[in-house]
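Next up, some structures in structure tokens.
Paired with chain B in one complex and with chain C in the other, chain A is shared by the two complexes that follow.
For the complex of A and B:
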């Protein structure tokens, strides 16, 4: 996710208010781009691309309702010739395990919600300090946090697990929340810091002149402006944690296994149950899909958050 | 053997749809792997008094066996749990081989792990000598009483018994359609020469079909079925003694006798007249999933498919596994040796390894090495499992192939050898051997180059 520098657009705002009759260069460009994007050809292309990208998903959906012998014998696109659909695969995925699927579902939720809330809360505080509190060594510390992003999580697995074992907390949800928070924080701090930095200095200074302290500035001035940024990072983190298999496998125990662990094992010891995978994929996909559709307007706004108005 | 392992999620990443919250109709069970009966809940606890009162104790078990086979495992522990009061915490994962070393290194090993490769056991004992706990005396007694010496040896490192056998499988099988054999007047071959003659005859009789079908694709373990092929043929062309030397690297991997064996494998697997029935050219073997490669037998596009007894789970639900000819029926015959009296048998199994010396863990290990457990397990198993335990009652097995496997395994006229790639060091047995065999088939790499490359990969020490 890139951060769009605000200067250009802010300038144009100022320009607008002064001479409304004349269009600024940025506006002209925006209109030109709009015209180009809304041409019928571009729309047609967009629709074609969207269709192409949806075809594999459609195939997966059709496949998930077909019996194993049909999947093996013919492609999903021939399914309409001799329709033989059933919910058997879903029944097996949902109820075929000795552990109820609902348990995995709840585990996934129990893991994901704190693993999204914790890093965002901490990162907001840290980002505020990095952006608006002037303290000694701030830049070095910020670079250090930024640099942490290059540490691949794989190298941290065994040392972290050793520490957890020593302190006797391994196998609980705590370690999974903690690990996800650790892995998310560098990026979260960096992103939120950049969003915060784009809020005009005048706004913060005006609040300070009016007698607001850090707490008040944070909650009354910055937080409302940051909502789209927070929402977009929350979506990222949610999708990452929900789809995570590595952390759940390494730090988790049978009691804390999320949906992904169950899906990874669906195929059976020797892979003979592969026909269940498409149904399993769809079961695992529902919640992220709902989250994404529900929050997508924030997602788009968050990506454009650079154009925050003063 | 090295079962299929898929690292990471192959699936779950695609993009859109709704249709969920399906509370579906009836499931007619997943293919052949039915759960079988529940164990007799009121099992006679008299046999379990020897394990003592383990009320409130719990034992963690970590394995590569996942659902639906995991259910059969946990069901088989129920009498033990009910009679002793202990709780078995079972955890199966397809990432077992990658995760177990992580847990050992980080210091939270499970109490017990089922290790499918003696080579892996050996390297664990070498790397974590204080973590792997040798079998307690009662377990050793059980193992020596009920298992043949070679099986005890597979679980031993430097003469000390670390792991007792759990399940077993037999790989020297050729799946075929009894109906197709009857229709064409073919008989089950008794010697390797018979098999070659039969292959040529099928090729001549059926220009539209091929005698053999094969597939070695298996995710990141692609190639392992080809290693089984070579091992089986080494046992036949060079004999069990050379096989042992080869596996233990007392002769180089690219020994001339091994080259002869690889050429013999190539005379079938790389002969365009013999493969790949219903699936394509020779190179298609490399890209055909191992668990689908036998299916052309049912369509008459191929007649022979070499695979283990556990291949049974991969047939469609409506396929009948029986020796008597029937429509849509399959069965397997023993892959013959050089002569009728020469009967090498390739197989594999899992081994119960302990990482804790707590008394309840010791008791459970002893239980797992007893015929008591093996019989409980047979009662709840549909197919694809049997035990090498001599106190095992094979009549409890439901699948005819498993019964046949047990019969061959316990028949003294057959010479059993454990899967070689599972005994070799990981760099060879789970890496170079697989990859080079895949290149040998998929890219038509020369026989000598293939063996040379694997020899080069053998760790120096």
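For the complex of A and C:
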């Protein structure tokens, strides 16, 4: 869930935008080289950590391309001795009648897009109201919304499911979209409100003097300036919804199940069929990995704006 | 109506998705442009246009169900008879649940501490190194994949084959044991160690988050402070201990508390790796099974409330520490 960001985190960008200093690059290099824990031990430790963080994934990736019999017979680290790689496992897990992950891939996609678009749009409007419209009770309301971030989604699930069942819409995509949107709102509003507050007051005032109403100011003045903030939250929400298991399990039905649900099921029922499990896991991972690698900058920015949802 | 509710072909599903988005856009546009059209609209009307749908969503989806869960936790499994605090008594005294609570404590203590420590050490080690951004991406990558995916990755690492004849290990962890001359182990079967092996997965996922936030904080330490400390003769570990760590204390608090809260609510790892068997269950997983598998709404609701209550001290601590940090500045 979320925490209030210390302001210095907000200022510091990802890359190397260190505070202005009078030192030249060369000086900095010199400080860096001398000041670091740059013993061979330190480098070795860094490499060990990096290996521990990559080898498990690499192992499963290599495995996903090996034939079934090889996987059962020998470890993936021996694969280079007798290279035998193919996409067969992927074909089987995607289109084979027993797993059919392609169907679930579509479900994941269908669930994710509206569950990203809807909460962001709502949160933008709400954040605008909290930031730039003066109305009575604004502060109390904002604090209330802010405080809702603390509520674990588990707390809401039993009554929500009862409601959905009663209205006869449970198990459809609609309730999954609705639930994800609701759960995303408090954090989204808080983050976007922070970004919106950073926009200079004069800009909004000037537009107001020119006779623009709130709707016009929102679309013409603020929205274009907020694109990076929207991008960072969008990636966040995308990864969260795509990788979600709990909401889909509780509110979904077998024909609306996303990849995570299906792959977790495989892990339970076919725990030892590693040729299917490994390929299945990577089918579920490939989209978030691409999104993440392509838009890492925005993602990191969102993180540093003080939030992680869980 | 049925077309809108049940989609079974790919085309139908995609069409439904487009319909949902368009419907949403249409409703919002009518609302906003309606508000905009009215000349000199009173403020409350404008506010309703901007804020109304959100507040409706939150009231329906968070506030009302939240309060209702608290009520349900005082009722029996079918939510019919009032049972007072019985569900809470069960949750705290039943031997099975005591193990659940013990595991949850292990998770919430170990994951934040280890992930933050590793993130901190790694962030400092690679700061201003040559391949910094690449090295960061490596550690950060597990953040992008689902907990289910990460669990499968690690389940494969822990995979066990009996050590006999010419059967070869296919899990890396057991192969390492064999190479070192030990017997291979069933990592996920024997408590309490199996919980620790599950915790490793969560640390593996969260360290990247810790590293990113801490790295940004380390870079924000003013160069003149570092320079002054260096002139005073601080190097290596001394610099780390007396300059780096104290300077980024607020970031450390944020990271620790954020990871603690995320960990408290995680159930995917337990569900995927052991299914809660072999005494590895945690409160968040037990909530799921009691509520939606065992159909015991009362106990499920009580566990959800316990989760909620456990989050509060972490949040309070966090807010307090940040207040203190602001005052110092």
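Methods note: the second predicted complex is superposed on the first by the 215 of 310 C-alpha atoms of A that agree within 3 Å, B and C clash if a C-alpha of one lies under 4 Å from a C-alpha of the other, contacts with A are read in each partner's own complex, and residues count from 1 in each chain.
Here is the rule we go by: a contact is a pair of C-beta atoms (placed from the backbone, for glycine too) under 8 Å apart; a residue touches a chain by one contact, two chains touch by 3 or more.
Predicted model, so just to flag it, every value in this text is computed and none were measured.
Of the two partner chains, chain C is the only one touched by A:121; chain B is not.
With both complexes placed on chain A, chain A has more residues touched by C than by the other of chain B and chain C.
Contacts of A:243 after superposition on the shared chain: both chain B and chain C are touched. By the touch criterion stated above, A:54 is placed in contact with chain B and with chain C alike.
Shared-chain residue A:281: touches chain B and chain C both. When the shared chain is aligned, chain B and chain C each come close enough to touch A:264. On chain A, the patch touched by chain B and the patch touched by chain C overlap at residues 53-54, 56-57, 60, 72, 157-158, 161, 243, 245-246, 249-250, 260, 263-264, 267-268, 271, 274, 277-278, 280-282, 284-285, 289. Within the complex, the chain B residues that touch chain A are 3-4, 6, 8-28, 30-31, 33, 64-71, 74, 89-95, 99, 102-103, 105-108, 218-219, 289, 291-292, 295, 310, 313-314, 316-318, 384.
The touching residues of chain A, when paired with chain B in their complex, are 53-54, 56-58, 60-61, 68-69, 72, 86-88, 90-92, 94-98, 157-158, 161-162, 164-166, 170-171, 243, 245-246, 249-250, 253-254, 260-261, 263-274, 276-278, 280-286, 289.
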